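Have a look at these structures, which come just after this line.
Shared between the two complexes below is subunit A, which has subunit B as its partner in the first and subunit C in the second.
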Partner chain A sequence: MPLQAFFNSFGYFAQAAGVTVAVSLAGIAIGFIIGIAVCIARVSGGRWLGGLGAVYVSVFRGVPLLVQLLFIYYFLAELGLDVPALVAAVGGLALASAAYQAEILRGALNAVPRGQEEAAIAFGFSPLDTWWRILLPQALRISVPPLINEFILLLKASSLVSVVGIAELTRVSMNVASSTYRPLEAYVGGGLFYLVINLGLAALGNLAERRLAAGSGP
Partner chain B sequence: MLRSGLAGAATAGILLDGRRDAFADDTLAEVKKRGELVIATEMQFAPFDMSDNGTYKGLDRDLIDAVGKALGVKVKYLDLPWTSILPGLEAKKFDLCVAPVTITKERMKRYLFTVPIADATAALLKRAKDASIKKPEDIAGKTVGGQKGTAQLAQLKAFAAKLPKPVEIKEYVDNNQSYADLAAGRIDASVNSFPNLAYAAAQRSDTFAVVTPPFGQPTYFSWVGRMSDKTLIDAINVAIIKTESDGTMEKIQKQWLGQTMSLPKTVPEPTI
Partner chain C sequence: MSFDVLWRYAPSLISGFGVTILCWSIGSGLGLVLGAAIALGRRAPLSPLRWLLRAYVELIRGTPFLMQLFLLYAAGPSIGLRLSATAAGVIGLGIYSSAYFAEIFRAGFAAVPKGQIDAAVSIGMAPLDILWRITLPGALVAVVPPIVNTLIVMSKETVVLSIITVPELMYQMQTMAAETFTAFDAIFAMAVFYWLLVEVVSRLGRRLERSVTAFMRHSAGPA
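Up next is the complex of A and B:
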C-alpha cells in the first residue's frame, strides 16, 4: 500500500499535529498581545518606551528562534531558572512572533490616513476612544493578510520546539521515518498535515477579512 | 510528552529553584526521594530507542525499566534531539542519558559511563542487490555515508585511510538520512554499529544487507551521566550487572538484537 508508514501511524501523526496546532496557536495569541503592546510603545511611547520597543523588535527578530529556544530551556536552567519544556516552547514562539506582529501592526497603523485621527479629535473622542474605536479597527483590517502570513510562518517554525522535547509534527515524522526505515512516506505524511492545517488558517484569514470589511461601510 | 510538559508546568511553574544545589552531588538520593528516575534519549535509534506510535520501545527501554525496578523507582522518558541531550544532561534537565554512547577516550574525560549495554563495533550496510561489495575492503573507491560526530564514522575514516583506493565519505546529521541516500543510490554504503545495521537490514531485507564481518575495533555502547553523579552511576552499574546474571539481559538481547552477546562487567579501556 502506498504511504503505508503514514497510515499505520495516522493516530500518532494526528496527535502530533494537535500539539503543533496547540503550541502555535498559544504562541500566536500571546504573541499578538505582546505585539500590540510593543507596537503601541513604538508608535506613541515617547523616547524611552519607544526605544525599548525598537530594541525588543531588533533582538527577537534578529536572533534565530532555535537559539532563543535553546537559551530559554538550557541556559536559564544553568542560571537556576528551571523553565518547563511547554512553557519554554510557547514562550519562545510568542516572544519571537510578537516582534514580527508588532511591526505588521505598526505598518498597518501608518497606513491609516492621518485625517482619521484628526477627525476623531475634532469629534471630541478621547485619546483612548480614538485608539480603540477609530485607529485599531482600521489597522487590524489592513493587517489581516500579513498577519495570516506570519501565523503560517510561525506554525511551520514551530517544528523547532522539538529541541526542548516537545513531540510536534516534524519530530514525529522523523520518529516514524527512523523506526520504519520509510522516510519518504513519513515526511510526505507530515507535509500533508501541515498543508491541511495551513489551508485552515488561510480560510480563517479570509473569513476574518470578509467580516472586518463588512464593518467598513461606504 | 505534552502531558508530562503540562504536569511540569503546573507543578514547577517558573520559579527560581533554590534547592537544586543542595542535591547537586547526590542525584541518587534525590531520585529515590522523588521515586522517579528521569532519563533522556533520542527515540530515533532503532533497535535501542524508537517511538512506536508514541510509545517508547527498544533495548534501552526494557533495560532501563529493569534498572528502575532494581532501584525501586519509576522511570520517566524524555525524547530529545541528540544535539540537545548532552547540554540537557549538564543543565540537569534529567538524571541520565540512555541514548547509547560509544565509549571513547575523549568522552571519558567529560562524562561518567555506565558498564557496557551493547556492542558498538562499526560495520557497513549496503544495498541488498549490490554484488560489488562482499567484504568491508570492497568500499575502496566508493562513497560511504555516516552520522557526523559518531565514533563509527571516525573508525570508518581510519579504516578507509588504509585502503588502496580513496573512499569518499559523506557526513549526515543522522543515520536515517544516510540510509535514505543509500536506498536512493547516492552512496554505496552506510557506516553504523553492527546492532543498528542488523536491525535495519532485518526490517527492510528487500532494500538493505549488512556487510560481514564488522570492520571496526571492538567497542561498546554505554549510558552516560554527569561526572559528579558517581553514586547514581554505581547503583545503575550494579543493576545492569544484575540483569546479566539473572537472565533479563539475555532475553532483552534476543528480542531486539536477535542474538545474545556477553558484555564486559566493568567500563572497558577505550581503544579509540
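Up next is the complex of A and C:
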C-alpha cells in the first residue's frame, strides 16, 4: 500500500504538527510583545532608543535564522545555563520574529491618518489616551493581515528548530524516514501537514482582510 | 577563538564562501527563469495549465525550504533521482525561489495599466510587439524592488543548505568549530559575517533599484 509508512506513523506526525504549531505560536506571541517594544522605541524613543531599535531590526533581519538559533543555543551553553533546547528554539523564533513584527506595526502606525492624532489632541486627549484609544486600535486593525502572513512565514521557519533537536514536524519526518527507509513517504507526509496548516492560516488571513476592509469603509 | 585557527582554516572557509555565492547565484538565476516562465504560463488561455501552475506556487510557498531540500536530496534516490548535495541545493533553491519570483512577475504584469495595452492595440501594434514594447518594460520597473528583496532573502536561505551537507560557508565553519572546539566563537563570527553580507547586498540592491527606476522620476513631472 502506498504511503503506508506515513499512515502507520500518523499519530506521531499529528503530535509533531502540534509541537510545530505550539512552538510557532509561542514564538509569535513573545515576538509580538518584543515587537511592540521595538516599534515604540523606533517611533518615539528619541535618538538613542530609536537607534537601538533600528540596530535590533537590522541585526535580526540580517542574520540568517539558522545562525541565530545556533548562536542562542551555544550562547546559553557558554553562560553555563542548562536550559532545555525548547527555550533556545522558542527564544530564537521570538527574537527574529519581533524584528519583522516591529516593522509591520511601524508600517501600520504610519498608515493611520495624521488627522486622527491631531483630532485626538484637539479634543484634549492625553498622549497616553491618544495612543491607547486612537492610534493603537487602528494600527492593530491594519496589521492583522500582515501579522497572519508573518505567522505563516514563522511556521515554515520553525522547521529549522529541528536542528537543535526539537521533535517537531521536520525532525519527526527525518526520524520516520530513517526508521522506515521510506524517505519519500515521510517527507511528503510531513510536507502535507505543513501545507494543510498553512492553507488554513492563509484562509484565515483572507477572511480577516475582508472583514477588516468591510469595517473600515464609509 | 584565536586568529590562527581562522588562518589555518582560511582555505576551506574561502572555498565555502565560493560555494555559497555559487549556490546563491545559480539557484536564484534558475528561480528567476522558472518564475518568469510560470508567470507567463499563468496568463495562458489554457485553464488546466493555469490551475497546475497555481497549485505549484501554493505547494512551494506552503512548505518549508528545509522540507523541500530533504525531499529532493534524501527522498530523490527512491524515485531514481540521484543528486550530489550541491546539485540538490542549487536545484532546491531554484525551485523554492521560483514560486516567489513567479508571484512577483505576476504582480508585475498586473501592474501594467490596462489602458496602455488598449492604446497599443488601438494604434495597431502586433501582440508580440505589445508584449515586448509595452507589457515587459512596464512590468520590469514594477518587479525590480521585490526581486532585489527576494534575492536578499535567498542569500540568507543558502545557510540552510549546510543541513544537507552542501560544503558552503556555514558547513565549513561548523566543521572548523567541531574540530577545534570553538563552537561559540565560530557561530559569533558567522553572525557578524552574514549581517555584514546582507547589509552590503541590501545597499547594492537599493542602488540598483534607484538606477533602474530613475527614468520614472525624470518622466514623472509635467512634460
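By definition in this document, the second predicted complex is superposed on the first by the 196 of 218 C-alpha atoms of A that agree within 3 Å, B and C clash if a C-alpha of one lies under 4 Å from a C-alpha of the other, contacts with A are read in each partner's own complex, and residues count from 1 in each chain.
In the analysis below, contacts are C-beta pairs under 8 Å (C-beta built on N, C-alpha and C of every residue); 3 or more make two chains touch, one makes a residue touch a chain.
Predicted, not measured: the structure shown is a model, and the values here were computed from it.
Annotation for the three-chain superposition on subunit A: subunit B and subunit C clash.
Contact with both subunit B and subunit C is seen for A:Ser162 once the two complexes are overlaid on the shared chain. Once chain A of one complex is fitted onto chain A of the other, the partner contacts of A:Gln68 are limited to subunit C, with no touch recorded for subunit B.
When the shared chain is aligned, no partner comes close enough to touch A:Pro127: not subunit B, not subunit C. In the superposition on chain A, A:Ser173 contacts subunit C only, with no contact to subunit B. Contacts of A:Glu78 after superposition: both subunit B and subunit C are touched. Contacts of A:Gly11 after superposition on the shared chain: subunit B is touched, whereas subunit C is not.
Once the two complexes are laid over each other on the shared chain, residue contacts for A:Gly200 go to neither subunit B nor subunit C.
After overlaying the two complexes on the shared chain, residue contacts for A:Val87 are found with subunit B alone; subunit C is out of touch.
The clashing stretch of subunit B relative to subunit C, chosen from 2-10, 182-190 or 218-226, is 182-190 in the chain A superposition. Looking at subunit A, you'll find residues 70, 74-75, 77-78, 162-163, 174, 177, 183-184 touch subunit B in one structure and subunit C in the other. Residues 58-59, 62-68, 70-71, 74-75, 78-79, 156-157, 159-160, 162-163, 170, 183-184, 187-188, 190-191, 194-195, 198-199, 202 of subunit C are the ones that touch subunit A when the two sit in their complex. Contacts from subunit A toward subunit C in the complex involve residues 58-59, 61-68, 70-71, 74-75, 77-78, 156-160, 162-163, 169-170, 173-174, 177, 182-184, 186-188, 190-191, 194-195, 198-199, 202.
Within the complex formed with subunit B, the residues of subunit A that make contact are 8-9, 11-12, 15, 19, 22, 70, 73-75, 77-78, 80-87, 89, 162-167, 171-172, 174-181, 183-184. Note for the complex: subunit B touches subunit A at residues 1-2, 5-6, 8-9, 12-18, 20, 40, 43-46, 50-54, 78-81, 83-84, 87-88, 90-93, 174, 176-177, 179-180, 200, 203-204, 207-208.
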